[in-house]
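Shared between the two complexes below is subunit A, which pairs with subunit B and subunit C, respectively.
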Partner chain A sequence: MTREIAVVAFARTDHRRGADELSEVEMLMPVLHEVLDRTGLKTADIGFTCSGSCDYLAGRAFSFTLALDGVGAWPPISESHVEMDGAWALYEAWTKLLAGDADTALVYSYGKSTPGSVRDVLTRQLDPYYVAPLWPDSVALAALQAQALIDAGDTDEPALAAVAARSRGSRADAAPQGDYVVRPLRTGDCPPVVDGAAAVVLAAGDRARELCERPAWIRGIDHRIEAHALGVRDLTDSPSTRLAAERAGAFRRPVDTAELHAPFSSQEVVLRKALRLDDGVRVNPSGGALAANPVMAAGLVRIGEAAAGIHRGRSDRALAHATSGPCLQQNLVAVLEGDPR
Partner chain B sequence: MSKEPVAVVGIGQTRHVAARRDVSIAGLVREAAQRALEDAELTWADVDAVVIGKAPDFFEGVMMPELYLADALGAVGKPMLRVHTAGSVGGSTALVAANLVAARVHGTVLTLAFEKQSESNAMWGLSLPIPFQQPLLAGAGGFFAPHVRAYMRRSGAPDTVGSLVAYKDRRNALRNPYAHLHEHDITLEKVQASPMLWDPIRYSETCPSSDGACAMVLTDRAGAARAPRPVAWMHGGAMRSEPTLFAGKDCVSPQAGKDCAADVYRQAGIADPRREIDAVEMYVPFSWYEPMWLENLGFADEGEGWKLTESGVTELDGDLPVDMSGGVLSTNPIGASGMIRFAEAALQVRGLAGEHQVEGARRVLGHAYGGGSQFFSMWLVGSEPPAS
Partner chain C sequence: MPEVLEAPLVVEFPFTRSLGPVQSAFLTGLRERVVLGVRTGDGRILVPPVEYDPVTAEEIRDLVEVAPTGTVTTWAWNHAPRRGQPLDTPFAWALVRLDGADTALLHALDAPGPDAVRTGMRVRVRWAGERTGAVTDIACFEPYDGDPAQPSGHTGDFENPVTGIVAPARLDYTYSPGRAQTDYLHALSDRRMVGERCPSCRKVYVPPRGACPTCGVATSEQVDVGPRGTVTTFCIVNIKARNLDIEVPYVYAHIALDGADLALHGRIGGIPYDQVRMGLRVEPVWTEGARHPDHYRPTGEPDADYETYKELL
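Up next is the complex of A and B:
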């Protein structure tokens, strides 16, 4: 019998377009306080703390240490950090609870994309010898993927526009898609560049029931990575997402809600296919990454939003997805459930 | 539900040097991983997941390099995690990997840490100026030298203790073919005559800049039973963090280090570390950190650590050998340095440390720290499976 672990609280910033006047720590502190207040926990009550962030967004080495100062790691805490989206920090914390080393975990992540040109910054994660020197930016690479989907007959530009409009809460014919950024992707197909932070509290077993009226139990969670070189991948498919979903038990029973981390409208098409989501599933009621894409936090936000739907009784079984790397290279899938009502 | 016991069945490192211009970053990490798999007599297909760690991405100028390294490490189709906890990262990475086995998420995990310092310049990578934030000064030496001064003043240790540590570690490195520095003509006089860099730290008392990678294969009880060579069993492991700077922080002997060691000893059932632990491979980037950590880790009372160093206790043939591999003072691929400490501890209890083997080492502590003496990770490994 493995340990039952649940998301018991979630908070996110309102993902302001730019947070010029705030440091990363100042942006993060309110969401940390919010999840702690919601559970009545103090920093000292938390068994394990894990965060996700990226020095390349911060523009300095060891940027996460400043955030830790804000968390208030005194007396010293059991703590770790991944240079990944916060969804993977949540995964590490989940394994820590699963092993029985802790009963509660605080997970947070944050990123400020607006100080630099995030399109260019993301080129630094490409193969440093053969690809990065060419500076192919993230929109250009996503456009290659979108064109491959159109060529394969999986989608067309009006369908992409409909994804974008639905994500931003408007009718397709009402939302201007804007000009092409990189053909075939228009402004509306691309994620807005925002700053943001998110935090989640995990708890195991009875502790979760004490802290939350309706915990969002993590029934399964798994992540997989694909080859880095785009040339050896079929960009119209996401085998890593499918495999992670299988391992997380996503296909055992249908989900009612899916929070997909698809920064580009075309990537939702790929993910829907890989996850076999039909029209009966509510996809991205939060608006998804097309409404707000705080880099390094957007994946954790998906898990948090899926959990919040369960907390509020709007969902009983939800799938949450996070991605990293160019054109959905690395993917994480979590399946969350509420207790039967 | 009890945790699954974790065993180290494979260890691999590159021969650490100042610049590996013959290989890419991918080539470097694959070399260490391949050697760890060969040691375990396993193939890439036997690995369920990969956990990789390194220090700041600015050190090579590649953002989140694990994405690009997925192919080289055989991770395609598998889970891959990237840990970053400052200088302690090599140790933390091993602990995150060990936890995947302990929690029974995976049976066999490849863990690896690296740094290819020659791709960039670590000192200035650490010193990027950010408005309205306290600068770290010129690299780590400028940050840590005042803490060493504070230790000297507090303990009354003679000025020569640091040079004794450096002289010992550089001689230990001569026995380790993987160590970066092999100074065959080293003498104590040469160490003491080397230029002063950050008073009181001299050139020969500071770590080099290295290119290198270290990998380990961790597995469960069933995997250990199939291992072709002796295994190292994990008896305890912990991480602790505290803020960088705050009123009341003890920079000489941080509370987080004490708490981390206490947690490891509790897990391993160690009541008296000085008597029950046979050797220590600790993270000593500047010579004086040996006596400082001996106290922080509970091997000596406060103010007494330097006496162990001065009386030869920490020599390879001493009563409590420290940094048998030559330590960080002889090899420093920053992100990998913590894992090299953990791997050396495992090599010792497996009896496979070659010329720097401590006879009869049954329980050895591996230690790493990072940031402003604020991130700690440690594990204690043994030649026998943990009790329970």
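Up next is the complex of A and C:
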């Protein structure tokens, strides 16, 4: 790799608050200001801007162009958008910096899931010929995966409850898991529906060292996808995560922290297995997607949280993971490191 | 702060999709109560069949009939069916590997309750009464304790194959316009036009969206604008819009309200369409019960000088 690229700043909304009274840009703007303030940069100083969002969430066509109002895109800026989680926007920005086209990048993403029914909205990303006409919602598909894991002996309902309780910062025996949503998944196994936004600033080489006391260097990043037909896949495993992790160099040395984008408790079981994480690794100190799952931002939040741990000196080598599609169909893995202390 | 406005928003459209040769054979087969798979280069039978091998991306066309009976590979109990799902009574979602296939098909399984379902249980297709060549021609699966059904060796050649599907999609939302637009809409109900000023460049935006798109900062200072304004540019509409009771031709214009730094748009009335011009001074005409002005009409003032609005074009 010819250029070193780092995450130098991260900001996110307090996802536990509702944002009913705010438009998407009104929700996003404070996060953009916060992330720029951390670096002292202004929009005009940023070499490349990339965002991730999905119009189907709030049912607003071209909402990403309105969100640009919060960036201040005049005079015209170099800008791009992915209709995906912001983690993939970060990947695009990383390639831009790697190619030397820019020295700094602003990456942001946002999602307002509360105006619609996100369980149903997500059916529209499925195979339109054989699957989408049946309207299998996102919880149903995750439940099929969870049952496959239980059948394989990889987990059981108490173990899933423990994942959920740990993510939400409560003791397993005290946290009510709630009723079945789609059996075997209970309320506690499913992500809360929230609105939220996240942003990071990337910088290359010496620019990163100027902007951040301890940059979180991206040592490797890769993303891989599996077949779209659920019945073709082994739902108890995630070969795409493992391959992305290999290509990102995750297995070269152990990590101390892993931020996993597992919207359902059962998916953490799959990811731990695929990534060979042992009990010595801190998994989701942020609470992960079970604590807050702003759709389209939750993956970028994982990278941001992993980086923030390095910025603060709590972590030296961290793995960040983002997912997209049903049952962990597509997966991105990044490995971040701080300079030796 | 005034109450947050909200309104129902329905996004609904039928997607018309054409089919590849394998998809066409599979869906036509369902219409004829025949289930087809496709053979991959390494001899596996994929059901539902796809046009390209999911591992090698090789084009695959070798159709093979499989049985309408099979085995559940995983399942999930859905006690509260949602709109559009195959059954409206509680059912199990199931991945079913049909006899003769190597992969599983997603569908609903009609069973009396979760205790009646397990991985490995035997099921068979329940066909829909009316079949059109769609995945919903399988009404669902049902428990089955007989021997595997024997496929007849169908080759996948059918009379009148289906070549496309129409997939209706409907999503329901509760739209809320956000803080700035809510304030704007509340003011409109008092027949006032309220913009917001950027604290940085001092421009006044109407309708306000909560941010200055030039500076990227929040706007909050409210500014009364109009009600009079200037036509900055316009077009003549000659095609009647559906559900719109306005005679054509009519003029649709960009109007810079006095005090605003961004033009909004509206219809011009009270003047023949071919006499509307840039610089024409106009004012809103309100009608009972409508939140927005019905249209704008000439004030009778002299036209505005081009220099006064050239930055607002």
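Just so we're on the same page, the second predicted complex is superposed on the first by the 338 of 341 C-alpha atoms of A that agree within 3 Å, B and C clash if a C-alpha of one lies under 4 Å from a C-alpha of the other, contacts with A are read in each partner's own complex, and residues count from 1 in each chain.
Here, a contact is a pair of C-beta atoms (placed from the backbone, for glycine too) under 8 Å apart; a residue touches a chain by one contact, two chains touch by 3 or more.
Please read all numbers here as calculations on a predicted model, not as lab measurements.
After lining up the shared chain so the two structures overlap, which partner does A:V182 touch, if you call subunit B first and subunit C second: first, second, both or neither?
So A:V182 only meets subunit C here.
Go through the superposed model and pick first if A:L98 touches only subunit B, second if only subunit C, both, or neither.
First partner only, subunit B.
After superposition on the shared chain, which partner residues are touched by A:D37: those of subunit B (first), subunit C (second), both, or neither?
A:D37: touches no partner chain.
Going by the contact rule set out at the top, does A:D156 touch subunit B (first), subunit C (second), both, or neither?
neither
Contacts for A:G59 in the overlay, against subunit B (first) and subunit C (second): which applies, first, second, both or neither?
both
Could you look at A:P128 and tell me whether it touches subunit B, subunit C, both or neither (first, second, both, neither)?
Both: A:P128 reaches subunit B and subunit C.
What is the contact status of A:S117 with respect to subunit B (first) and subunit C (second): first, second, both, or neither?
second
Which partner does A:G325 reach: the first (subunit B), the second (subunit C), both, or neither?
In the superposed model, A:G325 contacts subunit B only, not subunit C.
Between subunit B (first) and subunit C (second), which does A:W74 come into contact with in this model arrangement: first, second, both, or neither?
It touches subunit B and subunit C both.
Where on subunit A do the contacts with subunit B and the contacts with subunit C coincide?
After superposing on chain A, subunit A residues 56, 59-60, 66, 68-69, 72-74, 121, 124, 128-129, 132, 227-229 contact both subunit B and subunit C.
Under the stated contact criterion, what part of subunit C meets subunit A in this complex?
Subunit C residues touching subunit A: 1, 4, 6, 9, 11, 15, 17, 19, 23, 27, 46-48, 50, 54-55, 73-79, 82-86, 93-95, 97, 103-108, 114, 119, 134-136, 165, 167, 169, 171-182, 209-218.
In their complex, what parts of subunit A are in touch with subunit C?
Touching subunit C: residues 20-26, 29, 32-33, 43, 56, 58-60, 66, 68-74, 115-117, 119-121, 123-124, 128-137, 140-141, 143-148, 151, 180, 182-185, 227-232, 235 of subunit A.
Which stretch or stretches of subunit A touch subunit B in the complex?
Those in contact with subunit B are residues 1-3, 49, 54-56, 59-62, 64-66, 68-69, 72-84, 88, 91-92, 95-96, 98-101, 121-122, 124-129, 132, 222-229, 239-240, 243, 324-326, 329-330.
With touch defined as at the start, can you tell me which subunit B residues reach subunit A in the complex?
Contact set of subunit B toward subunit A: 1-3, 24-25, 55-71, 75-86, 92, 96, 99-100, 102-105, 125-126, 128, 130, 133, 238-246, 254-256, 259-260, 263, 371-372, 374-375.
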